[in-house]
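What follows is a set of structures to go through.
Here chain A shows up in two complexes: once beside chain B, once beside chain C.
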Partner chain A sequence: MDIAVENFGAVTIATLHGDELDASNVQDFKRDVAPVLAENRNVILDLSHLRFIDSSGLGAMLSCLRQLNATGAELKLCGMAKAVRAVFELVRMHRIFDIYDTREQAVSAFQR
Partner chain B sequence: MVSDDQSSEFTAAVEQLGAGAASEPLVQRPTEPCLFVIFGASGDLTGRKLIPALYNLWCQDFLPPGFAVVGVAISPMTDDEFRALMRERVRQSSEVLAFRPRLWDEFSSSLHYVTADFQATAAYWQLAERLHEIDTEHGACGNLLLYLATAPSLFASIVEHLAAETVIEPQGTGTPWARLVVEKPFGQDRSSARRLDAAIHKVFDEAQVYRIDHYLGKETVRNILAFRFTNSIIEPIWNRHYIANVQITAAETLGVEHRGRYYEEAGCLRDMFQNHLLQLLALIAMEPPVGSYGESVRDRKIDVLRTIVPLDPAHLNNAAVRGQYSDGEIDGRSVPAYREEPDVSAESWTETFAALRLEVDNWRWAGVPFYLRSGKRMSRKLTVVSIEFEQVPHLFLAERRQHHIKPNVLTLRIQPDEGISLQLGAKAPGPEMSIRQMQMNFSYGEAFGEFPATAYETLLVDAMHGDPTLFNRSDAVDVAWRILEPVLEHWRTTRTAASLPIYPAGSWGPRLADDLLARDGHAWRNTTRLPRYVPPP
Partner chain C sequence: MDIANALVDAISPVSKRGEGTGNGLRGVASPRRANPSQSGAMTTRQSPGLVRACRWFAAGASVAAVLLGGLVLVGWLFDLPALTKIFPGLVAMNPATALGFVFGGAATWVEAGEQPTSHLRLQIARACAGMVVIIGAARILGYLFGFDPLVDSLPFQSQLDREVPPNRIAPNTALDFLITGLALLSIDLEVRRGWRPAQFLALTAAIIAALAFMGYAYSIEPGTGGGEVNIVQDICCGPDGEAYVPLLSRVASYIPMTLHTAVGFMLLSAAILCARPEQGIMAVVVSDAHGGRIFRRLLPAAVSTLFVIGWLQLMGQRAELYGPQFGVALTVAASISILGSLIWWNALTVNRAEAERERIELELALARENEVEIGFKIQQILLLEQPPRDLAGIRVAALTIPSQRIDGDFYDFYRHGNRCLDVVIGDVMGKGIPAALLGAATKTHILQALSRLVALAGPEDLPEPREIVSLAHVGIVKQLIELGSFVTASYARFDLERHRLDLVDCGHTEAIHFRHAEHICAMLRGTNLPLGVIEGEIYDQITVPFEPGDILLFYSDGVTEARNRTGEFFGSERLAEFVRGFSHLDPEQLVERLREAVASFSGSERFADDLTCVAVTLGEREATRRRAELELSSTLSELASARAFVRDFCRALSDPPLDEETVAQLELAVTEATSNIIRHAYGGRTDQRIQLVADAFADRVVLRLHHLGASFDPEAVSPPAFDGSREGGFGMYLIAHSVDDVRYYRDERGRNCIALVKRRLAYA
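Showing the complex of A and B:
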C-alpha cells in the first residue's frame, strides 16, 4: 500500500492508496506510516480509497492513535466509505476516533 | 463502487468478527441503569484495572444510560480529587484504548467518591444518603452493582453492614436490583470460604453474587471453549484414547513485588491454583455445555472439579511439590531471594512455587494425568496449556531414525504471544526419510490485530447484564478448596527443609517438580517454540 503525504501548514494528510487494509498488508502499512507519525503532530489519515478494513486494520488504526496521543499529538480520520465506517461502528471504535466526512472538514477541525 | 467480491469480503469480515449482521454490534450495551459502587476505591485495583476498563467501555458506548461510579474508601477525598487521581491512572494506563481528553471529561463527570470507614456504622448511613443523591442525579433507578475490592478480611463485615444499615433493601433478584461482585481471594481455606459464603448468603441470593476471576474474562481463556466446541476435528480426539497428559503452567518472572504482606499469608497455591489454574483445568476437561444459558457452562465445569480424585495425605509427596525462590538472575538482572523481599519474614515458609499432579476420574479422562504448576521468579513469563498426545502405535522407520519422532503437542498460549500451535512431525528435505518437528501456528496478534486486554471490560459488562457465566459459583469455589485442602494442611504442618526446596530465581522451579512427571514418563514443556531447524550442509 502506498501512502501519499501532503502538508497543509501545520497539518499533515496521509492518503492511503489501496483498496484494502487487512492482515495481508497491515505490517506494510504500519512500517510505512511510522515515519509520518514520528515526524508530525497534526495528522489526518485520508481513507477515501479504502473499500475494506478488517480487525487487524482497525488494530493498526488504534495503534496510530495511541502513538500520537502518547506525545500529545492528534489524529483525525476522513473519507471513510460506508463499509469501512460500518466496521468501525461494529466494534464501537467510532467514538474514540475523530472521524470527518471530508479532508476539508478534518483540516478545518485542526485549525479551529 | 464496491464490487460484489468486496461486498462479500466485507460480510465475511463482519462474520469473522462474530456479529452475523453488520448493523448489530458485537456485544449489546446493557440497558438497565446502575450505580457501580467500588468498596476500596483508593486501592490499586481501582486505578489499575477497574476505572481504565470502565473508561474503555464508555469510549465504546457500552455503559448503560443512567450509569455512575461511586468510589468508597477510608482515604479522605472529594469527587474532584478522585477524578484527578483516576485521570492520571487512565492517562498512563497501557490498557486503555486511547486517552482522549474529551471522552475522559464526559466519562469523569459520572465519577463520585465517598469517604467511609468500613468498620463504622455511621459511615453506612452517610453512604446510603450519598448513593440516593447520586442515583437521583444520574437516574440509576435504584440498581446497585457493588464491587468488593477491599482487603478480603473486610468482605463479610461490609456485606453485613450494607444490609443492617439498609444501604441495600432485601429485594432478592427483583428490581431494583443489587448485585455483589467479590474479588479474589474468596476465603483462605475451605472453612473460611464457607463462612464468607454464609455471611454473603444472609444478604444476597447466590444469583446476585459474582465472584470475579479476571482470568476467565481473558480472550484466550474464553477461546478454549470456542476452540473445543466449534471445531469438529477436536472433540473426537479430546480424551484418554489420544491424550497422554495435560500440562498447565502459569509462570511469572516477577517476584512478590510490593505484595509481600498479602503473599506471606496466601502463598502460591491459594494465589494461583484455587482460582486460575483449577478453572483452566475445568475448561480443558469439561463436557460440552448443553446450551448457552448462564448455568450450562458452570454446571459442566463443576462436574469436572467434583471428579478430581482427592489427594491422599499419605502419598502427597508424589502429587504435590512446593518451592521458594532464592536469589538469582532474571534477564541479566540480579534479584533477591524471597526471604529478603519487603514485608517477608526472613524465616518464611510460604511457597512461591507449587506443582500438582491431579487425576480427573471420569469416562473421558481416566488415567490421564493433569500437571499444574505456577511460580514466581521463573525463567520466563508464560501461561500455557500443553496437551501432549499419545505416540503413534507403530513406526515404519528404521530404528536409527526413530529418535526424532515426538508426540504431537497442542499448545494453547494464554499469554504472552497469545495463540494456538500444533506440533507435528514432518519429513525434513533431503534424500533420506528423516523426521523433524514443525509447528502449525495461529497467532491472535496476526489474525485479529493487537487490541488491548479486555478481561475486566468483558466481566463488568456481563455483571451489568446479569450474566454469571464467566464468574465463579459458590459450589465451584467450595470444591476447589476441597481439592487443595489436604495439600494446604500438609504444607502447614510439615516444616522440614526438604519439604520446601529452594530454587534459584530465573529457573523452572525445584527439581522435585520434574520428578512429578518423570515418574509417569513425562517431562514439563518449558518452551512453546521449537529449535530452529538447520538443514545438514
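Showing the complex of A and C:
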C-alpha cells in the first residue's frame, strides 16, 4: 500500500493512497507504516483517500496508536470519509483516537 | 402421559416390566412369595435357608416330643423309673403329661409339614390339639374346683400313688398344655397387621417351661454333680426354709413341673413357632435384613449371658461370698456391661451397613445422572433437527427443554423444494434412554418411509402424509408392541402453493391452528391411534386450508401437563389463549415466550416432562424483486469483489432505491462475514468456495453466504473491548450493528449459512 510521507517541522503526515483497508491488505499496510512510526514522534495519518475500512483495518489503526504511545509519541487521524468515520463510531474508537476533519487542523493541534 | 399409560395397561399386560424392581437389587426373594398373609408390618425379605431350617427344626422337635412322651408311657407300662424319671431322684412324668406330648407332638408334626396338607391329616392334627387342650383344661378345672379330673390319676394309679406326694400333673404343666393346645388350634389365625396369637401363646408356654427349667438348673449345688438331690424339697422350701420361698415357687411347692416336662414344652413351643417361620413375629427372626441378623445374633447371646450371670450370682451367694443385695447389684452391673457391649456391637454392624447403603445410593445417583446426560446427548444428536430457515412463505421455530429424565420427544423437518415442508413431531411412551432410542428408531422409520415412497413416485408427485405414516407404522408396529411401548406423533405437510395443511394425527396432542383472519384458535385432532398400538391401523389425514398470518403450534404433552403449585394443568385452552395473545410474534419469539409462560406457571425452570414444541408461522409467498449470485474462492483478495457485488446489486435496486449509508453497512457486514468464513470456518484454506446470494424483497435485502466450513457459534464470541485494549474482536459486533438480523443455520444442502437481513425503508 502506498504511503506518502511529508514532514512539517516536527510533524509527520502519512497519507494512505489505497481506497480500501480490509483483511486482504492490512498486513501490507502494517508493514509499510512501521518505518514511519519508528522514525517519527508526531504522526498524522491522512485517511482522506480511504473509502472503506473493516474491523482488521480498525485493529491496524489501534496497533499504530499503541506503538506510538508506547514511546510517548502521538498519533492523530484526519480526513475520514463518512463511511469510515461511521465504522470508528460504531465501535466507539472516536473516543480513543484524536480525529480531525482536515490535515491543517491536525497539524495545528500538534503545534499548539 | 396419563392416557398413554392407561392405553398401554389395556393393551399389554407386560408393559410395565422393569418397574418397581428396586427391591431386586440384591436379588434375594422368598421362595414362597405372593402369600397374601405376608403383607403384615413385619414382612421383609426372608432368608430361604433359615425358613427351611426352621421347618426342619419344627418337624424334628415335634418328633422328639412324641418320642419323649412315648418313652415315658413305655416306662409306665413296664414300670421302668429310668424312662419315667429320666434322671434318678427327679419326679416322674405323669402318664397323662406323656400322652399330652404325644398328641401335641403329632399335631405339631402335621402343622410343620408341607402346607396345605390333606383334610384328613388336618382333622387328625386338630383332634390331637383338642386332646392336649382337654388334658390341660380338665386338670386346671380340677385344681380350681377341688375335684379329681381322673386324667392324671386313673391310668397306672397304683404306681402313681406310690410316690409322695402322689404324682399328678402340676398346675403349671396343666396351664402349659392348655396354652400349647390353643396355640396349635389357632396356628393359622391371623389378626390385624399380621400378628398371630398362636405365636404369643407358644412364647408364653415356653416362658412358663423355662421358669421351671431354670429352677432346676439353679438348684444344683456345686459338688453334688446334679446327683441325689431332693429337687422337690429344694424348690419347694429353699435351702433356708419357708422364709425364703418366693411367691411363684409356691405353685411349684405343690408338685413341680418335672425337668423333662419343661424340656418337652420348650421343644414343643419352639416347634410351633418354627412351623410358621414366614408369618407374624417369626418373619423378623428369619428375615434376611439387618433386623433379622441382629435378632439372631443378639437373642441367643442375651439369653445365655443372663442365664449364666444368674447362675453365677446364686453360686456366689451360696458360697457366702456376698449377700443377696450385693448379689443383685453384681448381676445388674454384669448384665448392663455385657448387654451394653452386645448392643454396641450390633450398632456398629448397623452403622457399617448404613454406610455401605449410602455408598451404593451415591453410586446409583451418579449412574442416574450419567444416564440423564447420555439421554440428553442422544436427544440432541438423534431426535431433534434444526428447523429450515430460508423457505419463503413459512417460518419455523422449535424448542425443547429436557426434563430430569429424557423423554423420547423428537421432531424433524423434510423440505420438498420450495413447495412443501413436512413437520413431524413425536413423543415416545416412557422415559430414559430406551425412550430416546425408540424415538430415534421411529424418526428413522418415518424418514425411510418417506424416501422409499419418494423414490417410487413420479418426479412431480409427492407421497401423501398418510401413506408415509402408514408405511412407517408397518415398519415399527411389531417391535413397539413387543416392547410394550408406542409413539404418538403428528405428521403435518404445509403445501405453500395450495395453502393447505395435510395432517396425520397419531394420537398426539391437538395441534393449535391460529386463524389470523378470525383471530381464533382451532384445535386440530385426528382419530388415529398412536404408532405401534395395533397392527392394521389405517391412518387418515385431515386437510385444513391456511392463510398468511396463520400460526400452527405443535407440542408435546409436557407443555399442557405442566402443573402449577395447586396441581392445575397448563392445559390446551390456556395454550390456545397464549397463542392468540402472542400471535404477532416471530415463531422464535413465540416459543421462547411459551417457555417463559410455562416456567412462570409451574414456578420452576425444571419440568417433569420434556417440553417440546414447534411453531410455524405462515406468510405471503412474496416475490423476489431481484436476485443475484456470486461464487467466491476462499481468499481474502475476494473481499473487494464481494463488496463490489453487493454495491452493484444494491445500486441497481429502485422503488425505493437504497441510500448510500445502507449500502455501506451491507458492504461492511458482507466483508466481515466473508473474512470470518475464510479465516475461521475454512481455517485459512484458499481452495474452497463461498456462494454469495443476494435477494431483494419489497421490505428487505437478504445476503446469504453459504459455505462448507466449520459452523460458527455466535454465542461463543466475547464482546469487543471499546477501550482500545484489544486490536481484534470487532467483526461480529460490526456485523450485528450493520444489519437488522443475522441468522446462522444449515441450508437444505447441509452447508452452513450466514444470512444478513437489512430492512428497506418503507415506501414514502
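Odds and ends about this structure:
Quick note on the criterion: the second predicted complex is superposed on the first by the 112 of 112 C-alpha atoms of A that agree within 3 Å, B and C clash if a C-alpha of one lies under 4 Å from a C-alpha of the other, contacts with A are read in each partner's own complex, and residues count from 1 in each chain.
Definition applied: contacts are C-beta pairs under 8 Å (C-beta built on N, C-alpha and C of every residue); 3 or more make two chains touch, one makes a residue touch a chain.
Everything quoted here is computed from the prediction, not taken from an experiment.
When both complexes are overlaid on chain A, the residue A:A83 reaches chain B and chain C alike. With both structures placed on the common chain, the touch criterion links A:R92 to chain B and to chain C. When the shared chain is aligned, no partner comes close enough to touch A:G18: not chain B, not chain C. Of the two partner chains, chain B and chain C are each touched by A:G59. Counting contacts by the rule stated earlier, residues 20, 22-23, 52, 54-56, 58-60, 62-63, 65-66, 83, 86-87, 90-93, 95-96 of chain A appear in both its interface with chain B and its interface with chain C.
Put simply, chain A touches chain B in their complex at residues 19-20, 22-23, 26, 51-60, 62-63, 65-66, 69, 81, 83, 86-87, 89-93, 95-96. Contact residues on chain B toward chain A in their complex (touch as defined above): 2, 6-7, 9-10, 13-14, 16-17, 19, 22-23, 25-26, 59-62, 97-100, 103, 446-451. The touching residues of chain A, when paired with chain C in their complex, are 20, 22-24, 52, 54-56, 58-60, 62-63, 65-66, 82-83, 86-87, 90-93, 95-96. Chain contact summary for the complex, chain C toward chain A: residues 635-640, 643, 660-661, 664-665, 667-668, 671-672, 675, 678-679, 720, 722-724, 727-728, 730-731, 733-734, 737-738.
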